[in-house]
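Below is one structure; the comments refer to it alone.
The letters A, B, C and D name the chains in turn, as written, and every chain counts its residues from 1.
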């Protein structure tokens, strides 16, 4: 059985695991105040072109999301996001638990637009009773999105302009950032992300690490006391160097990006295989997620050999199925899937 | 420079790291729903003698503490603890952030007594305006305590009796549980802990794992929806098997306890060395922490070779210093420290 | 200038004010533990036919809403409501501030349906990863709704059935309960509300009192410690009898209902006046709110004499305007408005 | 039976009630945006000598306390207070419910000192791991205190100096402000309070109003969005003018202060009566609260005619009893109490 159902079902890249092995017997300062974290942070700052950014290493995506949002917002402020945004649908209300409303707009292809953001921000800004409404103060978007799509540079710049107009923070969830930046045909670089966002993170968990997300705070307003917020929410790893070492490995020789590029190319091959076989896609994506509209029979047949992720029933005879490649996907797995699709 | 300042300054036991290496290329279900976690949970349940307990693997101690407390308490309820309790002094107010008051009692030797618990519980129970006061509903204590002491079985049983009298939950913070249970002269077993507590955890971070705490929920009332609480607080590791594998290694062949026993014996040797050298201790401990009352000159001299932890100035010429052994301490390090103390 | 813009722009019914005057020099127990509150509670229980219900007097609607919701839900649980629900749009995120997500469904005529509730509840109940989603545990609806409509008994019964099916609490916001129950053509009684809801409140602020909402808890599960929740949220009035006295006056001789009936009849006369004048309504209502689709010119003309509430621009030449009658509306005001509309 | 057990057991001063009566039929803007509130705010600003302060009218003291604290602090910040402070002991953990720790110091005569504040602030400021501790950011004190004592101007100035040294906000709970400022022998004026505090409130509930506290925000940093905080916590009274009218009455012709002075003088007479009768006091106070150390027999005898408040048993034969005068106390009640004490 070949698992291509998600991008967090295997351990880590060999380079990552080796980094942990190498330093296992060394003693370090606790809580992220060690030289390994400092080296990793420097690599990320340099690669992103933001030499004065703060970099913090957290364990997971939900944790990074709600802590960034909580640390940026005051109690009466809310965060604008797509209704399909991860924070709105798959984090057990972590943002609300932290006291903040998600002001949602209907996603198109997994994305929200500058116009949608403006409408929500303008509603508050133009209200005669603004204190009766939560104040939108942050925009949250994912790159790549939860459905495998990516924002273009123009789309992000337009959202940034609205953020400037209404004094909103822009927060980019980068749980799948490497896949997003290496999207086939994409035009957004890490430098672009760092130049446009007030805060973002480079996901590790889905991108080659055992675990870990590197939060990059670009806006000075958001820097103070972030570590206190982390600690208060149980998000300051005692042995912080475990995170630093993983990101040092990922950001050495662009490993982080190379493995994502490969995963995206594998995904493209799966799409090609579907096209050749006349099997329609459920969504158009350019990253590591492929959404295929199988017939029930096709799904049953392919499931004998592959574990894929069921998304939803699309009609009485069809189901939307996700194939998810990753840094861990091997070429023989893709070859096998290509052959299986051809044989449907 | 030999670091004996804390018990979380090195990676993990070789068996733990090897376990992660071994399964690195295997694909698993996410979020702790995998066979490795199930095996580890079974080992812990068996060792603790609570076959029907729920076991959840969290990443760190602060996280485990506030999530257990939040999941057990309703908004108007509080937790009783020693004023020196970790939740009260070193977690950036995580419990209050989760909405709950810590009702503190002055610690004696790092511990609270059944009588202190009763006094706080009775104050609420006997109040004519109980709704103006938070309702104490849980007792939090640490085994071993933050200052290296341990509760006796009689002390724990007395606290349990008060908990039964006032319908309080007993929560035992086991960040250093293995050291506590293997305390020199101690009389408490893991079965005792599991038999007395409503919920407790077996700490991994300080006891041989890279990271991780195994929360064991014994009381059925506290079991439902605990995973939702975890997820909501960003405490559900995507690759849960990383935690399961570490605890499986620790609870195989009693490794968890053996390395703690060794660390405690090393600590005892340090105490003996001090006694022989006529250097007084700052606190009497039977676990892996030794608190020494050095003169400034002694501390300066020992610091040339050892990194120890400064606790506080005890008078104009003396300082309280912590030596902390751990699963990672090697005999040659203890020999070196014995010699250095003898030479003071 | 005649104000008919809202139903909370004047003090209180003379009977209410007189009740406060009468007891002004008497000394009472604090915090609602007085005989006046007890008498008022008894009147409400009797009128609603729920002799064992708990009755608590709170100061305002937002306060009542979030405290009822917070006291009923656990951290991972959410409340289902119409997207136009007051808690979702006009309470500055009070529910999210209390840690809970509003799971919204698009309102039709200000209402949600049993089918919409079922869809949301079933989504969680049928999920294979329920712990990643907030658990819907309560349905919130308003009677009358924010847009002046009312639920029929059949609609409420259908929602109740879904609540039973999925173990949801039904919470009815009664900020305008008297208007809702006295709706022209309505078929719902206070006994029906009390028989269907787990918890609801009889609004005072908009229905004849100076301030105050009487929360009625029917379901035993929701009763314990409600006063502690109130106190913790600053919602326990020190001089509780001020609330009790007002509700005693309102529930004596059915005053609460009579004045609402009159207000609804006045509203009906305004609708009739529009119909005669050929001026369309923006929404169909049977309670004390009338939504009129004026031309800009009409609105300008009517505004010379009346203060009404602007709702929204409906097209380039029309605006939706709310006329709101209340317990304080006098017949001469309605006569004046009828004449003014006829003169448009 | 004469009730002298507390200062919130009767309605309001006649002037207050008359003010409400007078405007009962007038229509106003909602939510405190009316001319009555504006007039009352102006009176308070003028009397306090802070023409640019923001004034907000809230309903009660617990509500005022936690909302002021929540609006001023960020999640990782705490408030310093006496262990006997109202927020620490009688508000059901409202401050912790809002997410903040109370950093307590032992009260002396109900008060904390500048040195105690400095010690707590310095502990954080000098910590090498400040992110593991909550950051003290506000000092909370009550004037008069919960035990009837008052701060001197020198004491307040010393605390202010520490606040300046450590960038702490000073928040003065004025639930009994009028009694505190009119303390027999006191040297603190309303102008002093407004000059020293960043935010404080003039209590109405215990000082002649039916209900209501006037929060005065002096520090510009604390002004923005306070109304949003109020609304979010259900503390924005729909009919805000009810509060404005009461405070307008209280701050007309110094009524607020005159009635407090009279109450304090009545309390002094009670103390004198005890002195003459040789009955010791339990605490020395100069405001409207008198704490008497009765024998059980004395307490039984006095209780036949007076309802006083039991505080605690002081030894096997004595109890501490509170006599509380107020704006509502009549001279004949004091005469009766004087006679009763003399007859013990």
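Assume a contact is a pair of C-beta atoms (placed from the backbone, for glycine too) under 8 Å apart; a residue touches a chain by one contact, two chains touch by 3 or more.
Note that the coordinates shown come from a computational prediction; the quantities given were computed from them, not determined experimentally.
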| item | value |
| --- | --- |
| C-D or B-C, whichever has more C-beta pairs in contact | C-D |
| Label of the chain whose CA centroid is most distant from the centroid of chain C | B |
| Between chain C and chain D, centroid-to-centroid distance (C-alpha), Å | 34 |
| CA centroid of chain B to CA centroid of chain C, Å | 50 |
| Shared interface positions of chain D, touching two or more other chains | 75-76, 91-93, 97, 131-132, 228, 231-232, 236 |
| Complex contact set, residues of chain C against chain D | 3, 6, 8-12, 14, 17, 20-21, 23-30, 59-67, 91-94, 97, 205-206, 210-211, 228, 231-239, 242, 307, 328 |
| Footprint of chain B on chain D - complex, ascending | 75-76, 78, 89-93, 96-97, 99-102, 131-134 |
| Residue ranges of chain C in contact with chain B within the complex | 31, 70-71, 74-76, 129-132, 135, 225, 227-232, 236 |
